[in-house]
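Labels for the chains are A, B and C, by order of writing; each one numbers its residues from 1.
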């Protein structure tokens, strides 16, 4: 758990850190789409090269980065393994009952592996270089057009930012409750499935009670600080589109074009 | 004296090998005697909570070993062996009322004892005794713990730990947020358990008055290291050092210091109100009979 | 002296519970530091919430700076009052220190330029500007309370209510917050109401009101309130340190006609006692 990087923020001031959150969000989304267009080694190579440049620009050391996503790789290998065993077509290399391995499924499996890896890498870079608050703000900016159809964009963004702000608080609380119940003799994470489900009750009840308490107190404090509704507020932070964003988009668009040109 | 707990060159690093790595305990060696009342003090973030969580094996040392009643915990101890150790060490966390979850008070108090193998009847007996100890009325036993006042909830949580009949009781700032009456009741309970039931008490606190009024030994921590151990008198002997550790003096010592600054020859700093009153009495008698 | 808050004959209960206040009246003078003391559950925090319009009265009226607390006025009232609550965690709305201070300003639709200026000066006022990028998880309780105070200062209220704002802090953090509020009070000519069961905090107030079971049972300067040690004991509050020392000396047969002195007074008396006659 301690080396796990996915979803965490690493403070810094790199090129990637300085980009506006809305363009980082959109670029990640765009990158994921392009991944699905790549279908041969060269086109994947272009994307891999691009992601390596992005990681370098984010100021995070590559070895640290790879170590951080390692826990997820097992998950991918497991999924890819199933994919290989259950797909058909091509020359059969090995067969046992319903399971078979063919040359095509191997190649496909390899590509799926690379896809997963690339997606995890781009989203890890996104969260490593963007504060949760900035992500919430980015979502708000991107969804702004929906305001015309009375979609509560601002409320959604405020909810998201408060939710993200309380993640560490609740994680801390969970840790304390886990410890308190452990010292009362609860064995978390061992025994049969029913045993484990039972063991979750002494964790979940206090966690929810605590969360509800936080929510009540927080809403009082917000009211006392003059909060009425989320649509009638000014904004302290604005993330402006910068030259860095434009340049990044040009690079990503060119890479996307290249993938389309190089694919079979 | 017998040692209940010993730390042997213990280092604990949070999130080792990452940019987030933090040394929370730095090469700690410590012995806590059986049936002592030990206070652990140090400013916020000095490593007190990390230290006591090792005694309950909630944390394992990154280096070194911890021994609790002849059971040792090392970096390689497996989780399976920890439960047996934990039944001997009760731990009351800060704001322990947050751990309540059962439908009724009595069920919540019985939860720990049952986990450690007591049968229902035994556990219920232990729970009833624990309720009496912490001063909860029997009529509350079938109520939901969430319908009680804050102070009562805290006592339910403490009863839940006491019902497991631990030999060592760790109290991590047990009185935080309580009013003066609640504070005194909890501290008197700790004192009773120590004197009457011979439980080894380990108290983590910021309240220096509690240290001098209740503890027999004091451990001072700073930046993950133990910087001083001794009796309250030894630890508070040098006010300048105490302030440098970002700690306070007990109120009586602080007031005595003000008297000294005003020219009253108090001499060695008294720690409790009675010591200070005795000292003033002595000085006043001398004033009446200057020939003494 | 003008009364900045007037509580007139109020009654209130939480739904499904018996009356907490039944005909309570009290006044807060402009510019004073008023300590509201009483045991947990005595109703003192509820009173603060009623003054800020966070709960609705059953009977009676409350006026804040001449304005009746009502649905229509509630936002003007909240512009005049800044509240610091007990739990530092539960009033930190923003994702970072800066954003949290800005929260109240955003609610009042202050324009961005002015907002940035106000956030900076307010954080400088509480010595937290250098921590502006921190997330709450990386702050101590005392630092979070400082940020809460900065958020209040940014709105330049007339009244600050400390609702047990120091009770979850360590002694150092507690002292820091009280010193800070005292300093702000002088500088900005504030009225401060501190709701507390820390008797030494109350000892430094200009005036004390004792609440017990929803009733005002006493109101006076600290010296008078603390002389009545029996009453304090009866409602479960500690006597201040000096009163405890005086009691200990009386048990040793010293003659002192007072039950309470402040620190300076007691030091002077002891000095005289031990000096050669």
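The rule is short, and it goes like this: a contact is a pair of C-beta atoms (placed from the backbone, for glycine too) under 8 Å apart; a residue touches a chain by one contact, two chains touch by 3 or more.
This is a predicted model, so every value here is computed, not measured.
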Line, ring, star, complete or other: which describes how these chains touch one another? complete
Tally the contacting C-beta pairs at the A-B interface and at the A-C interface, and name the larger one. A-C
Report the inter-centroid distance (CA atoms only) between subunit B and subunit C in whole Å. 30
Distance between the CA centroids of subunit A and subunit B (whole Å) is 42
Whole-angstrom distance, CA centroid of subunit A to CA centroid of subunit C, is 44
Residues of subunit A touching at least two other chains: none
Complex interface listing, subunit A residues touching subunit C: 11, 131-133, 136, 161-162, 164-165, 168-169, 172, 213-214, 217-218, 220-228, 232-238
Write out the stretch or stretches of subunit B touching subunit C in their complex. 43-45, 149-151, 176-182, 206-208, 246, 248, 251-252, 255, 258-259, 262-265, 273-274, 276-278, 280-281, 283-284, 286-288, 290
Subunit B partner contacts - residues on subunit C that touch it in the complex: 39-41, 86, 140-141, 167-168, 170-173, 197, 199, 236-238, 241-242, 244-245, 248-249, 251-252, 254, 263, 267, 270-271, 273-277
Quick one: which bits of subunit A touch subunit B in the complex? Just the residue numbers, please. 2-3, 10, 64, 173, 176-177, 179-187, 190, 201-202, 205-206, 209-210
In their complex, what parts of subunit C are in touch with subunit A? 49, 52, 54, 75, 78-79, 81, 83, 85, 87, 89-96, 98-99, 102-112, 115-116, 119, 133, 135-137, 151, 155
